[in-house]
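Labels run A, B and C following the written order; every chain starts at residue 1.
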Amino acid sequence: MSYHWNWGILLAQEPGGTGTYLHYLIVGLGWTLATALAAWVIALVLGSFIGTLRTTGNRWIVRLGNGYVELFRNIPLLVQMFLWYFVVPELLPVRLGDAIKQMPPPWGSYVPAVLCLALYTSVRVAEQVKAGIQSLPRGQTFAGTAMGLTQLQAYRYVILPQAFRIILPPLTSEFMNIIKNSSVALTIGLMELTGRARAMQEFSFQVFEAFAAATVIYILTTLVVVLGMRWLERAVRVPGLIAASGAAQAAH
Amino acid sequence: MPDAMISIRNLSKWYGAFQVLTDCSTQIAKGEVVVVCGPSGSGKSTLIKCVNGLEAFQKGEVVVDGISVGGPKTDLPKLRSRVGMVFQHFELFPHMSVIRNLTLAQEKVLHRSPKDANEKGMKLLERVGLAAHSGKFPAQLSGGQQQRVAIARALSMDPIAMLFDEPTSALDPEMINEVLDVMVALAKDGMTMMVVTHEMGFARKVAHRVIFMDQGQIVEDCSKDEFFGKPRSERAQLFLSKILQH
Amino acid sequence: MGGFDWEVIRTSLPYLFKVGMVFTLTLTVLAMAGGIVFGTLLAMMRVSGLRSLGLLAGTYVNLMRSIPLVLVIFWFFFLVPYIGAWILREPRPIPVGTFYSALITFTMFEAAYYCEIMRAGIQSIPRGQVWSGFALGLGYWQTMGHIVLPQAFRNMLPVLLTQTIILFQDTSLVYVISATDFLGAASKIANRDYRLVEMYSFVAVVYFILSFGLSLLVRRLQVRIAVVR
């Protein structure tokens, strides 16, 4: 083996003149998180909405929801990324499409990347929300509506607060997925962490230092997310069994 | 006892800090039928699993047919192939047909030819009255039928002794007798048997000795007549009175 | 946009399928086979009860699951030539080509995911099954091979296949090492003829039909397995 290790490269200046390679990678992490977080917020809202609708029992709404889920689940993420970046602007009215295409970097990549990851992940969130709601005993809705709550209120105060507690662990792994998946955006020119590791490898020829540094940063990020979620799980935990009233109270 | 088939000496076992077996000793002679009873949690299932090394133990010695179970060089698979075992929950292999359940170990452990294994298997299924069901899968049989298949499976290895771990306690009452009948027949054929069970009728009919366990210890170890005549310990008396009321 | 050009799709069909899709499907099938075998070994290590083996497999699985697949693809793309040189004692890195690089990557990466599925499968088998295997005198490998793994595999078949559909979609990421898989082939034509809308829309439709069709099959299988039990 003839590889020359040079860990000092991380502290050398990167050719763009913004600072060291390490700094360059950490800015990349910033873009990774900015992409993932923005997409996560949209995914969570949209996914919760669609997931809830799918449990209402209205046949047409359920079918529409199923179609949405199948559409985004059966096309590879990278292909969806290309659709958002190359195809969607062409399908929009010409002026809007041109405006999107002329967005200055990095926004021209950032916006499609966020939309793509958001919709892709919303489907997975919707599946979890649906499963969480369906895992609750039906008596919970009955009990809620028997007390005079409307269907909407029963969801708001009784069903969803319990369902979200149940699906917190799978949602954590979905959040980690969205962080990892944001690396796919490098294909449409977003210089997030993996993209910058790749660029560093091309500039410096120190392949393994670049990838090792990125790997360590990803692992540290994962650890922080896991710890944060554990804290959140403790914070919203309902003492004893998950009782409807307790869950609703704790949600405020 | 010079011709002891199974000999257990000063056996102790712990799960972490919790002691499940305390200094248990007994012997089972060739051709002897011994019933082990006691309240749940008394360690009787653990004791019988130590005999063929399914449970490891920390102190003492178990010797089966002259071979030490806990010995570092003991070929456990070989030893186990000579001691049949029947479980509470049957533990037939659900993904294999009844006859395949009987032939698998004959082929893989005893290296019998498929033809011989099949013949042997069919003969044993006939003996337990289930030859007609050989092609079915375990889930298609009743509990009693499954347990009879499990006994036939253990017998297919030509065991020198048989261990039964609560063989009827997972069965509906109307199925218990069909299994006990097979076991009684086996006992009358002279099979060496160690049976963990609450079926005192079975014990009265064929057991030579009864062992009573409580809290990980062997409290009584005496002949059947002595045990049912007048157990020495209060705990055994209490246990018997509870069992016999039912 | 200038109208949707069907012609470019029609003329490139042979290239897209005979080169691109063949690459994608070969990669998927081989990586699935390799990934399940390696993943099952990892799962056996994790449930073995031997602390060092369990820790080793656990670390591997967690490492693979905490970094993006794109980064793993890059890692192996550059690492495999060095490992090849090390094994063959060559002084220089050995070029292996994008297909074998991708095959090694996906086998190693998916093994981590198959491992967790098989681990759940093994743990779903009651302990009594293992005991009764041992009680019959079967050894560890015989008990695993004839009794535990066949049942675990059967119980987990729908999940394993669902993971394989994900693998099928994930193989499109070999685009980042310029491999000519189905998407790569389409991308090459899209850029040559400047027909990105047509080619990427077509690719999306084909992936959708295949993935959705497979997932319908898996669902039917799931129902059948549930009935048999």
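Everything that follows uses one rule, which is that contacts are C-beta pairs under 8 Å (C-beta built on N, C-alpha and C of every residue); 3 or more make two chains touch, one makes a residue touch a chain.
Quick caveat: nothing in here was measured; it's all calculated off a predicted structure.
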What's the minimum number of touch steps needed to get from chain A to chain B?
2
Chain with Cα centroid nearest the overall Cα mean is chain C
Skim through the chains and flag the pair connected by the most C-beta pairs in contact.
A-C
Which chain's centre, taken as the mean of its Cα atoms, is farthest from the centre of chain A?
B
From the mean C-alpha coordinate of chain A to that of chain B, what's the distance rounded to whole Å?
56
Mind checking the centre-to-centre distance between chain B and chain C? Centres are C-alpha means, answer in whole Å.
45
Between chain A and chain C, what is the separation of their C-alpha centroids in Å?
22
Among the residues of chain B, which ones contact at least 2 other chains?
none
What part of chain C is in contact with chain B in the complex they form?
126, 128-129, 131-132, 134-139, 142, 146-147, 150-151, 154, 229
For the complex, which residues does chain A have touching chain C?
1-3, 70-71, 73-80, 82-83, 86-87, 90-91, 176, 180-184, 186-187, 194, 197-198, 201, 207-208, 211, 214-215, 218-219, 222
Interface with chain A, chain C side, in the complex: residues 1, 63, 66-71, 74-75, 78-79, 82, 85-86, 91-93, 169-170, 172-173, 175-176, 183, 187, 196-197, 200-201, 203-204, 207-208, 211-212, 215
Help me check something: in the complex, which residues belonging to chain B touch chain C?
49, 52-54, 76-85, 87-89, 91-95, 104-105, 108-110, 139, 150, 153-154, 157, 163
